[in-house]
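One chain, chain A, links the two complexes that follow: it is found with chain B in the first and with chain C in the second.
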Partner chain A sequence: MKKILGIFTLLVVVCIATTWLARDKELWEANDYIESIKASSFLKPYNIENLIRRTALFGVISIGVAFVIITGGIDLSIGSLICLVGCGLPWLLTTKGVSLPVAISAMGIVSLAIGLSHGWLITQLRLQPFVVTLCGLLLYRGLARGFTGDQTQGFGTGFQSLRWLATGKLAVPGLGGFGIPVPCIILLVVAVAAAIFLNKTIYGRYLLALGRNEQAARYSGINTNAMIIVAYVICAATAGLGGILFVLDVNSAQPVDFGNFYELYAVAAAVLGGCSLRGGEGSIVGVVIGTALMQVLRNMINLAGLPTHIEFAVIGGVILVGVSADELVKLYAARKRAAAANV
Partner chain B sequence: MRSHLILPILLTLAVGCNKTEPIDAKNPATPKPALSTKKPRLAYVSNGVADFWTIAKVGAEKAGKDFDVDAQVLMPAGGISDQKRMIEDLLIRGIEGIAVSPIDPANQIDLLNTAAKQTKLITHDSDAPGSTRLCYIGMDNYLAGRLCGDLVKEALPDGGKIMIFVGRLEQDNAKRRRQGVIDAVLGRPVNPDNFDAIGAELKAGKFTILGTLTDQFDRTKGKANAEDTLAKHADISCMVGLFEYNPPLILEALKQAGKLGKIKVVGFDEAESTLLAIKEGHCHGTVVQNPYEYGYQSIKLLLELHKGNNTAIPASKFIDIPARQIRKDNVEAFSKDLKLKTGKGG
Partner chain C sequence: MTDAPLLEVRKVAKHFPGVRALRDVHLTLQRGELLAVIGENGAGKSTLMKILAGVQTPNSGEILFEGAPIELPNVQAAQQLGIALIHQELNLAGNLDIGANIYLGREPRRFGFIDRDKIRTSSRRVLTSLGLDLDPDQRVDELSIGLQQLVEIAKALASDARVLIMDEPTSSLTQHESSRLFKVIKDLCARGVSVVYISHRLSEVKELADRVTVLRDGENAGELARDEINHDAMVRLMVGRDLSQHYQHSPCIPGAIALQAVALRTPAHPSHEIHFTLHAGEIVALAGLVGAGRTELLQALFGVAPALGGEIRLGSQPVLLRSPIDAIRAGIALVPEDRKAHGLILEMAVRENLSLASLRRDQRHGFLNADSERRVSDEMIPRLSIKTPSPEQPAQLLSGGNQQKIVLGKWLALQPRVLLLDEPTRGIDIGAKREIYGLMEKLAAQGVAILFVSSEMEEVLGMADRVLVMHEGRIAGELSKTQLNEEAVMQLATGRKQIAA
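== the complex of A and B ==
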């Protein structure tokens, strides 16, 4: 809980800073400070909607990788799986003329099969997760490039009702045109299901236990292999879902670069949200907050008018300062408690 | 055990080298006698993977068919190191000619000069003026940028605020293209050596260029850039996308914001959704290069050079394949022609 509090505080600080950076400069100069802040482009309903949608898209894949990280593993193939599914779906629908249910089912089966094979290779052949998923990273993008012939894939002007899943919004009465983006509902469903699975079921306990100490978990009767396979299947399934949502959102996927490095965004969000890369720790709410922090930081660069090429430097710097400050506060509090106990 | 194997391998290699070395060392440009009965092998190397290059590939392969040569098209997916590897491999195979679009001309001079020593080397799409390449086939990106800037001025007769979107600015063609747009919009004289800082707001007369946003080829980020611009600048008048995928992403963002047709869009290249948007009036126009001709003319010129016909190179060492402006009035004809050549088009 404390870890989430730290990252949540950082998110709030970044939101306040972005609101100030994106304030209406003319009103500010006219000494109308409150109106200037109120008119901040960060607080515009349109911007909030965009942020929620982006957080939802990245949040779905981050929740998936959190399960793998909780087991002490890693999945580097997420970006390439997003590419495979993100290019595969429009390819099946527009180039191959496959029906929608068949195309969606095919992508679902591919994602689950990939997750299963990752889990099987890691638990049965005892291959390292890094190696298995690194090969996946190369393999799935290569496959996507192969069957599409390196052609950009998209839905053109068709499949509008399907694209509503990523681009649509549900109007909220009385909020001046503000609507909740549909991907937010999808994230909510995924997050609630993931949180219940992790915190309220015995299997979630098993995952956390095996992440702490796999051998101890196995000796206490937990089928650790099955649980690890489950974690990789969840990760691949959410990556597949993410791939579908990403391509529905941007409507254009070039196999060479679609989803490139998204595994790093996902892993970063999960770790920021309290997952330990050593395994055994993790919180779904934290992962969503971690994802939101990354997206608000990217939004801040544009709204503050900073050059986009320093984006990663800003994100890296802010996160490093933020988590360092969080640790320092904890250290200070612990010392104070220790001193009080000694007195 | 190993030493038993190594000796015969070394001997085989040494014998192999002795066989070919005298021919190559004395006159590297002379085709090997053994190849004279075979089709000449000519390579067309792009600077990446994109639909643009797929069109160029069709042109190169058509020339291969027309002139009965083995035209190989290579697209490096891994950037500059991948392109270097491909060129080195081609040289090892003793290819008769290479047309390349160098990714970083200033820093690839050594590689290009090495290639030019061993085979017929020309550049296409992006030039490397400091190298010993024989000729450049393409367009002037700065002038093409100016054509794009003229479209912006046309779209905004009363002036307004403009934002530029591009994949990355490290590439020479992107820099020149962007500068061309800026100089034309701000009414500056032709000077390809200009360079305005990326984040700076530029004003002249009734036009304001708010800045340039890059996405490093991440399309989700590209779309987010367009969305953030709409959030930040409620009074924006025109959005300009300089790489092929930028205009479609801008149009997507505008559509989702319900601002399609209300904010002008000017683009580059011939993505299907850009052409469709021009037809529907949601995009004012686009500047297109002629990748098909890049491919076709490159293979044609390389074949002439392979035959020893050096007169095929003009005195300027530049074969201009000019960019064109596509607007609502000529988009149908352009799409039709594109479809005819490549099977693609809006």
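== the complex of A and C ==
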């Protein structure tokens, strides 16, 4: 809970800082401070909508990877799976002329099969998650580039109603044109389902337990292997869903770099949101806030007029500071407790 | 100065939280002497050796080297004096060659680079002095365990060790490897190296030792000179403690057969078949030395390390136990030896640990049942008198005894028919011990069949209706309550006698 509060505070601070950085300079110099802040380009409905949309898209895949991280594993193949699905869907629909339900089902089956095989290799062959999903990272992008002939995939002008899932928005009366992006609703559904699964079902408890101590969980009669497989399937399923939404959003997927680095955005958001790579720790709300923070940071770089190519440096720096601060707080608390115990 | 012993330990004491491991222990070691240190499991042998090797520091007492008091704050200090400890588990880097291992951490250098020629020639010299014709360039993991052990000795000698402490060196050696090791040890003593030799195998001690020091319950139990060393004398000193302290369990009336093992073969000792029967309401102890295969037997019965062959019957029904899930479904529970590694999720709350095994039974279509979860902790915390400020306290902040009670409570919530306990009172205080004994009695009275492994003789004698003694993977004998005494158990456990079970 403290961790979530900490990251939420950080998010608010970054939002305020961005609002200030993106204030209207002319009004500011005219000493009309309130109007200048109000006119900040950060607060423009268009910007907020966009920010929420990006957060929602990345949030879905971050929630997925959180389950894998909770088991103490890692999934590096998310970006490539997004590419595979993101290129595969328009390729099936436009090039192959496959019907929409068949294409969507095919992508769903591919994602689930990939998750299942990751889990199987990790639990049955005892391969390391890093190795398995690193191979996945190379494999799925290679496949995507292969069957598309490395050609950019898209829907052209078709499939508008489908694309509404990613680009549409639900108008909110009385807010002057501001609307809630549809992906935000999708994220809400995914997040609520994930939070219920993690916190309210026995399987969520099993995941948290085995992430802390797999042997003790096994000795307590938990089918640890099955639970680990479930975590990788969840991760691949959300990555597949993410892949569909991302391609619907941008309408153009280049196999060579579509979804590139997205696994690292997802892992970073999960870690910022309180997941420990040692396993056994994590909350869905935290992951969503972590994702939002990452997107606001990217937005800040844009609006503040910083060169966008330093984006990675800023995000890397902030994450490092965030997790270091968290460790320091923990260390301090432990010292205080030890000192209190010695008295 | 020359008549002072090489190494002398005076009134050394060491305690750990809740446990007194050593109390006023004395030990002397002469030049070129082979001193055997023996005692039951938990008598304090390993702690004493760790103190001599600088791994642990004593709480009080002094250590003298050639008559002068010394401090051994760390391993380096001991090494500088020439005291080397050879662990039961070998400490070699298997991926490096023999020479690199012998000089690991103190490589001879030339212009800042490792002087491989020097390593090769000096390693060869040390190996030859041990009568070994080994190539220093050979990788260590290509050697047999016996040869690795000798490399470990060579490593100690190359750093001019004058005192060699060997902890159960033959535990994983073949007969042939053992006899070669003995020859090397005898040669070393003849060259003036002193050896402290810890072993459970009394026949080895008899063959090798110049003198025997016996420890019991962290204190000196006696000494035997060369001509006094015989099997019976050693056993008498190891077990002869005050019998009045025993916890006495009132004998049970055994019910129907609860569990039966027929020709069971465990992965640890696949060539031995184990047969035994466990009745409802009976408390049976599984005695034996460390490594006799007791834990492995429990793990087979609980499906953690499934049996390779044979049959496990519950009542008269054969059951297949391939995982703990199968065992739990069959009504079997295991309180494991290492509660931190296998018993608890330390970071989780007391409540969550207590309910972990019963979540499945109490689920509502996959959802947690918060009510029954609370009921489990509300019932178990007072029933086992678990001392915790709240059910939400992380288990790691509780004492060992209370942690152990959580592990027990986790299983009691499932009302098992067969309860397996592996060293149920290890590392916990007297008060909690008695509570656990009382609980075992109550459960047995309710018809639970209890099989417990214990290395504490007092516990075995006090609690068991019947004792199965294991020796090197097989059940060496069975003792009923009337036949039960410490010497009888030790005779069977050390392989001196064998009764067809």
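Definition applied: the second predicted complex is superposed on the first by the 317 of 343 C-alpha atoms of A that agree within 3 Å, B and C clash if a C-alpha of one lies under 4 Å from a C-alpha of the other, contacts with A are read in each partner's own complex, and residues count from 1 in each chain.
In the analysis below, contacts are C-beta pairs under 8 Å (C-beta built on N, C-alpha and C of every residue); 3 or more make two chains touch, one makes a residue touch a chain.
Only a predicted model underlies this, so the values are computations on that prediction, with no experimental measurement involved.
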Partner chain(s) touched by A:Thr152 [first = chain B, second = chain C, both, neither]: first
Contacts of A:Ala217 with chain B and chain C, given as first, second, both or neither: second
Partner chain in contact with A:Ser41 - chain B first, chain C second, else both or neither: first
Touching partner for A:Val256 - first (chain B), second (chain C), both, neither: first
First, second, both or neither for A:Ala209, with chain B first and chain C second: second
First (chain B), second (chain C), both or neither touched by A:Gly305: first
Which of chain B and chain C A:Glu26 touches, first, second, both or neither: neither
Chain A: partner with more touched residues, chain B or chain C: B
Sites on chain B touched by chain A in the complex: 48-51, 54, 75, 77, 169, 198-199, 211, 213-215, 217-225, 227-232, 234, 245, 248-249, 252, 256-257, 271-273, 276
Contact footprint of chain B on chain A as seen in their complex: 22, 41-42, 44, 46-47, 50, 54, 57, 145, 149-152, 154, 156-157, 167, 246, 249-258, 260-261, 298-299, 302-303, 305-309
Chain C - residues contacting chain A, complex: 302, 304, 323-325, 327-328, 334, 336, 341-348, 352, 356-357, 359-360, 363, 366-368, 410
Contact set on chain A toward chain C in their complex: 200-206, 208-209, 212-213, 215-223, 280
